[in-house]
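Labels run A, B, C and D following the written order; every chain starts at residue 1.
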C-alpha cells in the first residue's frame, strides 16, 4: 500500500529534476567534506609546510602551495568546513528567531504584530552590510562574530515571509476546525500552521546558506573574517595581493569551490521552491 | 533590449570620454594611498595628510631637499635662530615679503604678508584646548607658559589668543622670541613639521569650522577649495615669493640630474594632481598606464618591481621607469607587554628573538629589501652603528631552545598561549601567521588577535595586550624619537606601548635628550641603543626600505623621509613624456 | 490616502527610536574608546581625557542616548570626529559618486533582468530557460572580489576600455570611471533579480485570468507583457524598492577598488577610525530613506493594483 | 440535416504525470449542430472539462497529448491548426466561459477594457468603438448602468456580475460556438437561474451553438437540446434532452437523475449512482424500498426536549477607519436571531452568500464571539463560558465546514487528523485505543481502513468531506453544524454524503443545524427550515410546508430558482 506525504512527493519531484539532484549531491558532498574536515580526517594537516612558497599547481599539489608553502587544496577543503559551518550556524540562529517571531506576529496580529513588525522594520532599515560590519567589529574578530552578525541580520527576511504566510493560513478552515475540536492557540499555531509554512523555511535556508558563504568573503576582505583558519574568504583576500605576482591558484581554488556550492544551493533553492511551494503546484 | 542599448551607449561614451593625454601641460600626477580628511596643519598627523598640507602651507624651517643626512634650512625664517647659551631662548628672524594665498578671508581677497604674529597665532592654535590638536604632543610642556595658557582656556567660553605668553614673544613684525622650559634639541625639527605650519588668523576665523577645506597658506601651490574626493588638484602659486632650487646637495646628485634646475625659481610646474587610490592593484595598474608619475611601491608589488638582484625589472626599464630605493627611518617590532609577569623574564624575550626567522620573513614580505633591526634606532641616525651586531637577532633555534630552557620553560612547557595583537588586513594576517610558525618551532604557542586600527590602538593604550606588533616611523631625524619608545615615562597611553621600564636606560635617556646634537650625545644614543638591544624589550623586526618608481619624465625627485616640503621642487620633462608615452 | 501617508510618516518616529537605540547600544555602550585613535600615536593620557570630555563620552548614558535620538530627529549630525568635517557636507559629497555608480547600474540591472526573466518565462521549461537561469546564478556565484580583480586588470588595464580607478564629478565625465564597476554590479545583481522576477511571473502565468486571456485569442507575448506583467508588478516593486537604501551605501567593495569617493568608503573609513557620528548619521539616514521608500512602494501599489486601497 | 458546427471524433487526451500516462478523455465523439445547445454532464474528473479545453486548444502542452481524434469545426480539423490559426478562432468563433468568475477576470484591468480587448483582437476597430461595443454588450448581459460599470474593476463587482462580464466577453465577437464550463456552479441559486436564462437568451439571439458543461443534470434541463453524459473519461450516453430525462438508458445517467433531491417528496435516503450500478459499472436492480417516498409529517416526534435555544443573537464586525484605524462602525453579520432546536432534529438555514448564515453557525459554536444575545445549550447559557468550560463544550458541539479541501491539514495523515480531537480532550487511554476509535468511525463514514495513513490530498472531495464528518464525530458530539457541507460536491457525491449524515444522525442521535444555499437540499434533510436574509431569519417553518406555501417573496425567489431537474416545458415558447 503506497503512502506518500507531501514531503516524499516533493522529494520525488525534486529528484526528477536532474539539475536539482546534481545540486543536492554537490551539497551533500560538500557537507561530508566539511564534516570530515571538522573531525580532522581530511585536510587536518593543512597548516603543514609541504613545499616551497607559492608553488604552481603540480602532480602532488594539484592546486599548488600558498605563500607559506602550504597545500592550497587542503586549505580549500578545510575552508569548506568554515563555509558550511557559517551557513549552518547562521541558519540555526536566524531560523528560530525568524520563524517564532514571524509566526507570533502573523498569528496573533494586534499589538504583538505591531511590535514585531516594528522590530524587523527597524532592523531591515539599517543597511545589512553596515550591521554586519559594526557587529563583527564590536564582537571582535573571528568566526563566532561572523556567526552572530550574519544570524542577527538574516532573520528579518524569514520573519517577514513567515508572518505573511501564517496570516494566510490562520484563516484556512483546517485551522478553524482545529479550534472547533477544542485546540488552543499553541496547537493551532505550532502543530497546524507551522508545518504548513516549513517550505518557506527550507527554501529560505538554502538561499541563506549561499548568502552567508558569500558574506564571509566580504567580511574577510574587510579584515573581519575568520581568523587562524583557512577560509575561502581569506584565500580570495590573499589573492588580492598574490594575483599581481601571478599566483592565481589560490584564487582559482577558492573561487571554484565557492562557485560550485553557491551554484548548487541556488539551484537547489529554486528546485525546492518549485516542488514545495503550493502556489506553484501543477506547473 | 532597450537597456542593452543603454549599456552599449555607456561604453561608447566611456571611450569617448577617456581623455587623450596632452603633453603641453606642466602637470604632475601623484598618488595618495589614504583618504585625505582635511587641510588643517595642526591635525596633519600622518605622513599623507602631511604631504598634502605641505603643498600649500609652510613652516619656519624645512629639510634640505637634497642634502643627506637631513639638514634643516630656513624657510619662512630668514636664517637659523640665535640660541642663548642655556639653549632655552631662541630668536627667529622672519623672512620678509612672504604672502599668504589670495582668499576671501582677507580684505578685498588679496593675500597679505606673513608676520611674526602669524607664527605666534599658529603655535597658540596648536595648543588651543578647544581644537585638541593631534600635534599638541610636539610642544606639550615645552614652551614657557604655553601649557598654562592651554589649561586656562580649556574652561573658558572661547580661547583668548590676545593674551601674551612668555614663551612666545613678538619683538617686532619680523623678529620673534621663543623661550623653552627645558632644553629641547629637536625644537627646530618641530618647527619644520606640518603641525607648526603657518596659518592666517583671518582665514581661520573667516572659514570657521570649514577652515580645513579652504587652505590659505604661503606655499608654492594653491588649492582654493578642498572637495573631499578622490582627486585633489593644486595650481602653482603665481604670487609665490622668489625661492630658488638649491644649487648644492649630496655628492652624486648632479650625476642623477638632480641639480639640473639649480638656481631656477620654483615651482617649476603649473599643476599637481593627487589621486587617492587605496587598493594596491589599481595603484600599480594606473602607474603602469602612466596615469601617475610616481609610485610608492608597497610590499605587494615589490616582486613585480625588482628582480632577485634587487634591480629594476627590464620590462620597466625599457619604459624608462626609474627605481629609487632608500632605507627608511623606521623600525618594525613585536612588542612585549612588560607588565605581563612572564615577560619580565629576559631570557624568554631573547629566546623569542632568536626563534624569529628574519631571513624568510624578509623574503616573503619584503622581497629581501628590509634590513634586520639590531636595535630600535634605524641606520642613518646618530645612535646606530654598523659595528654593533645584536647577538639575539640571528636565527638560531638551538640557542633559542637553550635560552628558553634557562628561562624556565623547557620546550615551551609552562608557557601560556601568547596572544599577539595585530591589524586585520591581509598582510598583517599573513605576517602573524608566519610569526606563529616561527615560535611553534621552539614550542611557544602564539595566537593571533586581529584588530581594526582603532581596536589595536585601544588595546595598546589601555595595556590590554600580551604582545602587539607595530611599525614606528620617524617624526624627525633624531634617535631620540625612537629611543623614546622605550622610555618609562612614555608608557601607554604614551608611545612606549611595551611599557618597558629600565631605570639605567631612563637615566641616560633623560640626560641625552636635553643635549644639543653633538658627538657626546651620539655616543650616549649608541649606548642606549645597544643597551636595550641586548635587553630585548621587543622582538626586533626590520628597518624597511622605501621603494619608489618614477616615470622617466619626472625630474628632481629624490627620496626623502620627511617629504612634505619636497613637491615644490619637482619638475616634468614633457619631451620625454611625449616620446615614452607611446610605450604605455 | 493622505491620512495613510501621514500615518506612515509618523511611523518614522518609533523606527528612528529603534534605530538610534541599536546604534547607541552598538557604539556608545559596547564599542571601545575612540580617543586614542582620534589623537594619533603620540597622544598623552591627559589629552585623551580632555577629548573624551569634549566628545561628551563622560556624560551619563541616558544623555548620550538622548543625543543620538536628537540627531536622529533634527538631522543635525554635527561634525565628524576623525576628519573634523561637517557630516552633512561629507555625506552630500559622497552621495554623488555613490549614486552615479549605483543608480544607473541598479536601473540597468533591473530592466535587464526584467527582460531576461520575461524571455525565460516565455520559454519556461525549455532549454533556454534553464540555460539563462544557470548563467545568471553562475554570475552571482563568483565572489565580487574575484570579478573586481580580474576585470580591473583585464578590461581596464590590458584592453584599456575603461579608466582604472578614480572619479570625476559631472556628467558625462564620470561615465568612464563608473562604467566598469557598474558592469560588475549588474553582473552580481542579475542572478537574484532574474530568479525572483521569474518566480513571480510564473506564479501569475498559472492564474485563471491568463487562461481567460488565452481563450480570447491573445498571443502569449501580449498575455505576458500586458496581463501577467502588470499583475506581477506588486512583488517586483517591493523587491526593487526595498533594495534602494542599500544603494546609498554604494557598492562598498567596488568603491574601494575603483577609488570612487562614495558613501561606502566614507562609512568604511568611519568604522575604521571609530568615527561614531558619521556611522550614526549613515544609519539614521538610510533608515529614514527605507521608511520613505516603503511608503513609496505602498503608493506605487495603488497604481499597479486597483485592489489596493491605502486606508 | 446539415453537417454539425462542431463534431468531435474519437478524441483521446492523455496527461503525462509523475506516475505515468493517464487518459483523461477516452475515445469521445459527439456533435454540436448549429444553433443548438449540448449539455455535457459528468462528475468532476469525468473528462468533460478536458474535452472542452481540447476544443479550445487550451490544453497545457507538453503535459497533455492528443494521440488520436479529430475536432472538426466548420469542416476544418482544429487539431491540425497552428497557434496563430487557433488564436484567430479562439474568442472569435469559439469562445468560453469558465467556472470561477472570481479568478477568471484580470484583477488589474477595467472590465470594460477586458471586454473591448477581445473585440480589438479580432475586429480592427478603434478603441473608442470597441469600448462602446463593450458597454453595449454589458447592457445586453444585464449589468446595471453599463456605461459606469465598464469603468469598474473586477473586485468591485459581485460574483454574478463578474460572470455576466465573462459572458459579455465571450459573446463579444458573436462566436459560432460558446463553451460554458460549469458557469453557474460557483454562484448562488438565484443568480444561477438568472445566468442560465441569460445564456439561453443570448444563445437564441445570436443563433450560437452552446456547449454547456456541468455536473448537475438538473441545471441543463432548462436549456439543453441534447445531452452527453460522461463517466470516467468515456461517453456513456448521449441523446435528446427529453430522452435522457425520461428514458435514461445508462445506469449512471439514471443515478445522476435520481440523486438530486426534489422539492417535496423524497425517499428517506436519496438514491445514488451506486444504487444503479456497481463499481465495475454493471447495472444492478434498484431495491424497491429505496424508492419509497418518505413523509416527514408521519415521523413521530423524536423528542420534545430543547437542546439549543438562541435568543436575540447579534454578531457584529467592526468597520475600521479613521486616522489610526479606529473602529468607526459595526457591520451586523447576524442581526437579532432567535430560534429553538429540539434534540435529534435538524434545523436547516437557507440563504445566499453574505446573508450571515455561516457567521450564525460559528457564533453558536463560539468560534466567533457573539456581541449580544444569548445561546442556551442544554439549559445552560454558554454565551460567556471560557477556557476549560469552552473546551469541554467543544466535545458536545461540532462543525463540518464547506470546503473539504482547505478544512483538512495537508501535512497530517488521516489517522493523525482523526485522533487529534481525542488527544486534545485526552479521551481514550492509549494511542492504540484512540486509533481503534478512529478506525471504527473511519469505516462508518464508508472509507477503506487501509487508507487511514494517507494524506488528505490523496482523497477525492467526497471522501474528504467524509473524513471531516468523521473528525467531527470523533468526540461523539450531540450537536453538529453542517456549514454548506455538501455545496462543494457534485450532485452524485452530495447525495451520498447527505445519506451518510442522516444515517449518522440516527445512529448517534445527533442534532444538526444544516446550512446551505440550496433549498432543495435543506428541504430534504431538515425538519425545520429558516430562511435567512441580511442577517435575520425572515421566515421559519416546517420543511415540508415551507416550499408549499412560502410567505416571504424572498423565499419564493429562492424556490423558483431551484432547477426543476426536468426538461424544459416547451422549447418553442422560449424561442
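Convention: a contact is a pair of C-beta atoms (placed from the backbone, for glycine too) under 8 Å apart; a residue touches a chain by one contact, two chains touch by 3 or more.
Just so it is clear, the structure is predicted and the values come from calculations on it, not from any experiment.
By C-beta contact pairs, the most connected chain pair is B-C. Averaging Cα atoms per chain gives one point for each, and the point farthest from that of subunit C is the centre of D.
The distance from the centre of subunit C to the centre of subunit D, with each centre set as the mean of the Cα atoms, comes to 51 Å. Mean C-alpha position of subunit A lies 45 Å from that of subunit B. The mean-CA centres of subunit B and subunit D are about 87 angstrom from one another, to the nearest whole unit. Subunit A and subunit D have centres, each the mean of its CA atoms, that are 46 Å apart. Touching of two or more other chains is recorded for residues 279, 281, 452, 455 of subunit B. Listed for subunit A are residues 137, 237, 240, 243, each touching two or more other chains. Residue ranges of subunit C in contact with subunit A, taken from their complex: 11, 14-15, 18-19, 22, 26-27, 30-31, 130, 133-134, 137-138, 140-146, 149, 153, 191, 195, 199, 202-203, 206, 242, 245-246, 248-249, 252-253, 267-268, 271, 279, 282-283, 286-287, 290-291, 294. Interface residues of subunit C, counted against subunit D in their complex, comprise 3, 6-7, 207-209, 211-219, 227, 230-231, 304-307, 311.
Residues of subunit D touching subunit A in their complex: 18, 362, 365, 367, 390-391, 394-395, 398-399, 401-403, 406-413, 420-421, 424-425, 450, 453-455, 457, 468, 471-472, 474-475. Contacts from subunit A toward subunit B in the complex involve residues 49, 53, 67-68, 137, 140-141, 223-224, 227-228, 234, 237-238, 240-241, 243-245. Taken in their complex, subunit A has these residues touching subunit C: 19, 118-119, 121-130, 133-135, 137-138, 210, 214, 217-218, 221-222, 232, 236-237, 239-240, 243, 251, 255, 258-260, 262-263, 266-267, 270, 273, 279-280, 282-283.
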